[in-house]
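Labels run A, B, C, D and E following the written order; every chain starts at residue 1.
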Amino acid sequence: MRGVHLNRVRKSYGSVTIIDQLDLAIEEGEFLVLLGPSGCGKSTLLNAIAGLEPLSGGSISIQGRDVTALEPDQRDIAMVFQSYALYPTLSVRRNIGFALKMRGTAKADIERKVGEVADLLQITHLLDRKPGQLSGGQQQRVAIGRALVREPSVFLFDEPLSNLDAKLRADMRIELKKLHERLGRTIIYVTHDQIEAMTMATRIVVMNQGRIQQCDRPEVVYGRPANRFVASFVGAPTMNFVEGRFGRAGDHLAVLTAEGVIPLPGLDVALGQAGQPVTLGFRPEHVALAEAEDVTTVTATPLMSEPTGPDMYVLMRFDPARTGVGVGPELTIRVPADAAIARHQPVPLRLDGRRISLFDPQTGQRMN
Amino acid sequence: MRGVHLNRVRKSYGSVTIIDQLDLAIEEGEFLVLLGPSGCGKSTLLNAIAGLEPLSGGSISIQGRDVTALEPDQRDIAMVFQSYALYPTLSVRRNIGFALKMRGTAKADIERKVGEVADLLQITHLLDRKPGQLSGGQQQRVAIGRALVREPSVFLFDEPLSNLDAKLRADMRIELKKLHERLGRTIIYVTHDQIEAMTMATRIVVMNQGRIQQCDRPEVVYGRPANRFVASFVGAPTMNFVEGRFGRAGDHLAVLTAEGVIPLPGLDVALGQAGQPVTLGFRPEHVALAEAEDVTTVTATPLMSEPTGPDMYVLMRFDPARTGVGVGPELTIRVPADAAIARHQPVPLRLDGRRISLFDPQTGQRMN
Amino acid sequence: MALPTAVSAYVALIPATTITLVCFYAFIAWTFVISLTRSRLLPRYEFVGFLQYERLFDTARWWQAMQNLAIHGVLFTVGCIVVGYFLAILIDRGVKAEGVFRTIFMLPLSMSFIVTGIIWQWLLNPSFGLQAAVRGLGFEEFAFNWLVRPDRAIFTLAIAGIWQQVGLCMALCLAGLRGVDPNIWKAARVDGIPVWRVYANIITPMLRPVFFTLVVLLSSLVMKAFDLVVALTGGGPGFASDLPARFVVDHILNRQELGLGAAGAFMMLCTVAAVVAPYIYYELSKARRAG
Amino acid sequence: QTAEVLHWWTSGGESAALATIRAAYTAKGGVWQDTPIAGGGNARAAAVNRMIGGKPPTVFQYSVGLQLLELADQGLLNDIDDVAQVGNWDKALPPLIANISKYKGKYIAAPVNIHGENWMFYNFDALKKAGVEVPKTWADFLAAAPKLKAAGIIPLALGGEPWQERILFNSVLLGVGGREHYAKVYGKLDKAAMGTDTMLDVFKTVAALRPLVDESSPGRKWNETAGMVMKGTAAFQFMGDWAKGEMVAAKLEPGKDIGCALAPAKDTAYIMTVDAFAFSNVKDAPSKGAQTLMATVMMDPATQAAFSKRKGSIPSRLDVPDIGFDSCAKVAINTLKDPATHLVSTGLFGVPSAVSGAIDDAISQFWNNKAMTPEQGRDLFVKAIDRAK
Amino acid sequence: MRYNRVILYLLLAGAALAMLSPILLMLSTSLKTMDEIRNGSLFDLPHAPSFAAWGKAWVGRCTAGECDGMGGYFANSIAIVLPSLFLSIAVGSITGYALSLRQVRYADFLFAAILIGLFIPPQVTLYPMIILVRTLGLFGTTGGVILAHVVWGLAFTTLMFRNFFRSVPADLIKAVRVDGAGFWSSYWYIMLPMSLPVFAVAVILQFTYTWNDFLFGLTFAARDSQPVTVALNNLVGSQFGEQEYNVNMAATMLTALPTVLVYLCSGRLFVRGIAAGAVKG
């Protein structure tokens, strides 16, 4: 029972229940990312684990110890906040050493440990500055140092990178990941940025409205989302969805929409009954431009292209009639940056049937 | 002379010159993005165009009219701010309509125009709320609505999306682009996020320290950066750089480093003299995993991989000696999400010589 | 919540709670008890019911004082905030030597109410103050004799009070103005909104919390206004500028009417409870709702 | 024998006067600790507060009257009847003052002097310039006023504070109503007397005085007002005899450079107000000894004479000869020889202070509300006193 | 644009003059002789400026042939003001911090209850206060005055500090708890240093109130430890004696000097402190 275990955790404010009956087992050494839209209860859950908010029900154990009734500082955790929450009047040195001082650690020991942590994070030259004199990235590092120095068995991060600019965020991501590898401690990390989640997590917990939607390895969450919410929340640009019914196109399973047929070559034919309603989901990069139309392709009209540098995203509309305007649902596909795509010139597309997702339109649950 | 023309614009605060002798011609209907690191003077320039900061020198004309001495409201521009700068005590309706009211537009007209704008931005249901009761994205839309309603010939945006989360940012990006297409008005857009710049701009102006580094179409800025600053600033993960000297590997031009040879197959051989110092720059996606080593490949050791969902970025180290640890400079390459890459297992890589950039190490200017 | 932090916090509140209970509420209760007795110079617990209140309500001077309280309260509070806000706006328009002006405006704050009263009594005195000076310049018809006009004397109280406290209002408003997102200003300029309208329609409502604090502070000064009246008008002419605090103190300390004074004091506190307390409660609960 | 003496005599003249008592006291071996607190109200409140707080001053200045009796009633005072018996105070003091200084038949206060409140000070030059005689009656005064006005002189210098207005009013009350009427109204608080036509005449006269003051009158300090008479911008001031101190400070001799006379009246009378000291209920022998010594010194005729000469008052003992006093004081001493002239001020003693306050309120209200008729004024006056009783 | 600036500066200059002139008048009066005051206009400049009145004011009031000088009273005032300031601000800031914490129940209620104290005229409850101070054995001591100042300063200081601490980010409070700092250590190490700007404001205002106090000094202080305002009152407050206005003004200014200096020196701190959140609702 090492690691962190949440057992039927419930948290309500007054009559509003934010988190209800949540179970979660986090193993030691995991880098678990809580991912979800704003307001879904991620911070609330993290605060509950930290002991900053009393639970309304359930229990939490950390490293086999029931900590439900303990104060934050007794839970063997450390926390890093979105706003860094550095103590503005203390020097970096004292910021990092504060928790140790509060535990009565000897002066010399504090000094040594702070030194070690500062070395690790390469902030030794900043130790005598005040937080106000640091850049965002440096502040972030100090905040991490403050957590590190306590050598807790669990680190909690609440959107630690969201105040940084894109470039710095990318760098810090790598640093955090290296840090995790070096220390091997459990990390619970809250974010609503799915790139962060994908790149860092050993497991991702996707939450919505206080409930766990899916909890799995990043590739699985990305590749085989458990339900439509997860599918649409993870991935940018988001997954394309098409409502239709099961049908056939040649040898392949296909989805029939009002506008036409979308063949799904490579998909297991036994999956659904013909005529059964289904939501087809596929990611932009799982559609390829086909050389020529055939029974495995579907035609779409490019509306707008977004070159991002390495790639280009093209917004299209299904257009079986090749009107050049399109009538069907919109979709986005990813093509190489130098792909020759002309606006309003319909092109044949081929979906990769092995990588698509099918959802039950009623329940939203994954079918394949 | 329609559009916006900056003529030897200079702006200094006291003795510090922020922008010096800047010339820029923006054509009507362009979506011009000013891109640059924090503090490079983007906002200052935008404020100068808006008339919010008096110029220290030079002149500005908008739609053929010299506006250098005019007040902001007479320049036929509208502006959207990073912090939205909504009037917190007015309802959304009055926020949007205030500028019209100030110009003495009739009540009924205001009502109609606000309604149209709200329809366009799909915020009709929010019209009677106060800004504090809106989410970030909604606030952003109101801020845009406030600009739209005045039907100016030039829109100025100062990092309008940087306070939004990634997902919303992506959506708003598309919306803004559609809006631009629909209205056909000139847009000058400040950001330090290069994805925004790449996806939306018709032209990007990369600035640094108050100077224009490059001004061109996004593909050019990305694919053929004018100098090392642009190369490293645009693109995430950033371009890889290797310092070395011109040399040869078989038939190909190559860059020789202390650790070994990096062949550049496909590059024009006549480019540089052997032995001349050069900085090689190449983007992560312009390196491919080679099936086998040969004279066109270079060996590197994977250190860490970052799956982002569709792709995977692999951090590596040049490792001609195949130590499994690597001795040369670090580089990041992009591979498909399901590529089989094992840590510390050296792999042969092949650079795409037609897409690399070469810079003069002295001046930082592009050489090829 | 039985968290140790909270326990220490409650411990930390002991002195304040004790003071509040004993010195505020027990004393108020005591005042009420005394107001039910015949006490004259010293407390004597011979109860007479609400006799003192009957006497109080039958006293013209008391009603005059209450009316003055209302007039002065509004004039002083509103005047102070308006003038202070105006000065803050002037300073916030990016003036040079801002520090000098700020310091000058706050200087009167360092004066006590007594001193303020003395100075203004001189200035407003028709025969050797402002009026005399202006007449001395040749404007024989100039009249500024509010200090000695029963119907205007109460205004002089507000003038002197505003002079003294306006610096505080200025400082608070200035701080509030400095906290306004500069982009709001830019947006307004781009929208072509005249400066005064920006202040009127946008900035002023944003400073609501500042005004709240000011209203609380200033109205507390109004309630306690004693020294200023004594020094400036002595409550006169007659008792045209009397205020409840002076009425009460006068009766308790000079007139051996402790019972009547206590009744007056209790009525004052009732006024606070009726006027100010709901306002405080409203603002606090509003702030809480806003998070 | 250390005595802490709390008093409100802080101005130059007052302080010099008190120094004579102090000198006499220290000459007898006492040690004097001085605690001045300016302002009668402040000083009285401080004395009472210190008694409540348990650290009273040994001796403290206080006004004789009902307040003092209440303090005695609460057991906060020591009596000094022994000293009074030895000094034969009953004989020496005016009966009115003797009575009011006793609680249950024992002296609890030492009245050191008598101030007169119904004085009229005037400027000789101003009168001469306007061709006006010193008025003998209020009718004379009212007749003289227009001439003064015509000469550009303010007829009546008045500081518009309630107590100054009351001094003027009481002078009129005495002058128009006569001393018996005054005694009835204030001595017995006789409601019938207050309702008479005589009273109406008083109010009519007061009402007629309203236009005779300058516009700056309200709130003006009495000494600034006295300055007007000294400068000659105003002709008359009705004020207590302490006003002489201000004249002396301006190097003018009362009676010679500035005219002094009792206010116009039907019959001669003297509205007395008394400065007195009381003795807190200290228990230790040295302090009690100090109190005894202090009382003895204060009531010593020589000390009283020296004191009053500086203070501008007259001794409370009527058996002190008038040698060396200024001409105004001499008038006072001689007037008081006749007990029928003895009247009490409503200011600090004579009537309960609640009543005194109510009187001040009523008078002030009448004086300042120009629209109020004499009838209304009289009714207000009656009602106010009635309610405060 | 230009006109606007001119008008702006004219308005400011006018306001500055209006604010300053009363004080300047006091100064000029204090430099005149009594004759000049009796015969001249308030607005005349002194013919021959002389500091004689200031000297006289410094010597203080001589009563009953004894002069006690203002110097001693200044010392008394300082002996009262410093501990009062320290205590009332300590109590106010600790209370304010406790009341700002979200986990303290009824905090808003208690805060409102304390705020009411701001509205009670202290004269009204002087008797019970005397009894209380006497019961504590502090009557007639400096301690009594200090206690009174602490009591009547509580509402104000609490208001200032509570509002400031409310504006401290919630994350910071959480960080403190995670680091294991309890109420007191978090107060001492983190909150107290953070609130220094507000401290400046509270100190300045509370200093003004305390220094200018007359009532408590008069009522509760010992005979020989009364504050300078009592001495000032003895100089200027005589009702029936003759008045020396030049001395009065000099004494008044002398007494106000420390507070004036505080404002002159700390105007910047004051505004910064307020901006830091001292008085945000």
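By our rule, a residue touches a chain if its C-beta (ideal position, glycine included) is under 8 Å from a C-beta of that chain, and two chains touch if they have at least 3 such contacts.
Remember, predicted model here, so these are calculated numbers, not experimental data.
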| item | value |
| --- | --- |
| Chains touching both chain D and chain E, listed by label | C |
| Label of the chain whose CA centroid is most distant from the centroid of chain A | D |
| Top chain pair, ranked by how many C-beta pairs fall in contact | C-E |
| Chain whose Cα centroid lies at the greatest distance from that of chain B | D |
| Averaged-CA centre spacing for the pair chain E and chain A, given as whole angstrom | 57 |
| Where chain A and chain D are represented by their mean Cα positions, the distance between them in whole Å | 91 |
| For chain C, residues that touch 2 or more chains besides their own | 1, 3-5, 128, 253 |
| Sites on chain D at which at least two other chains make contact | 45, 52 |
| Partner chain E, residues of chain C touching it in the complex | 1, 3-13, 15-17, 19-20, 22-28, 30-31, 43, 87, 90-91, 93, 95, 99-115, 118-120, 122-123, 128-129, 132-133, 136, 163, 166-168, 171-172, 174-176, 178-179, 208-210, 212-214, 216-217, 219-220, 223-224, 226-227, 245, 248-249, 252-253, 258, 261-262, 265, 268-269, 272-273, 276-277, 280-281, 283-285, 287-288 |
| Chain C residues within the chain B interface of the complex | 181, 183-184, 186-194, 197, 201-202, 205-206, 290 |
| Chain D-facing residues of chain E, complex | 38-39, 61-66, 126-127, 130-131, 133-134, 139-140, 218-220, 222-223, 230, 233-244 |
| In the complex, chain A residues that touch chain B | 37-38, 162, 165-167, 170, 173-174, 177-178, 181, 192-195, 198-199, 218-219, 222-223, 233-238, 283-285, 304, 306-311, 313, 315, 334, 337-338 |
| Contact footprint of chain D on chain C as seen in their complex | 40-42, 55, 58-61, 121, 125-128, 145, 147-148, 150, 153, 232-234, 236-240, 250-251, 253-257, 260 |
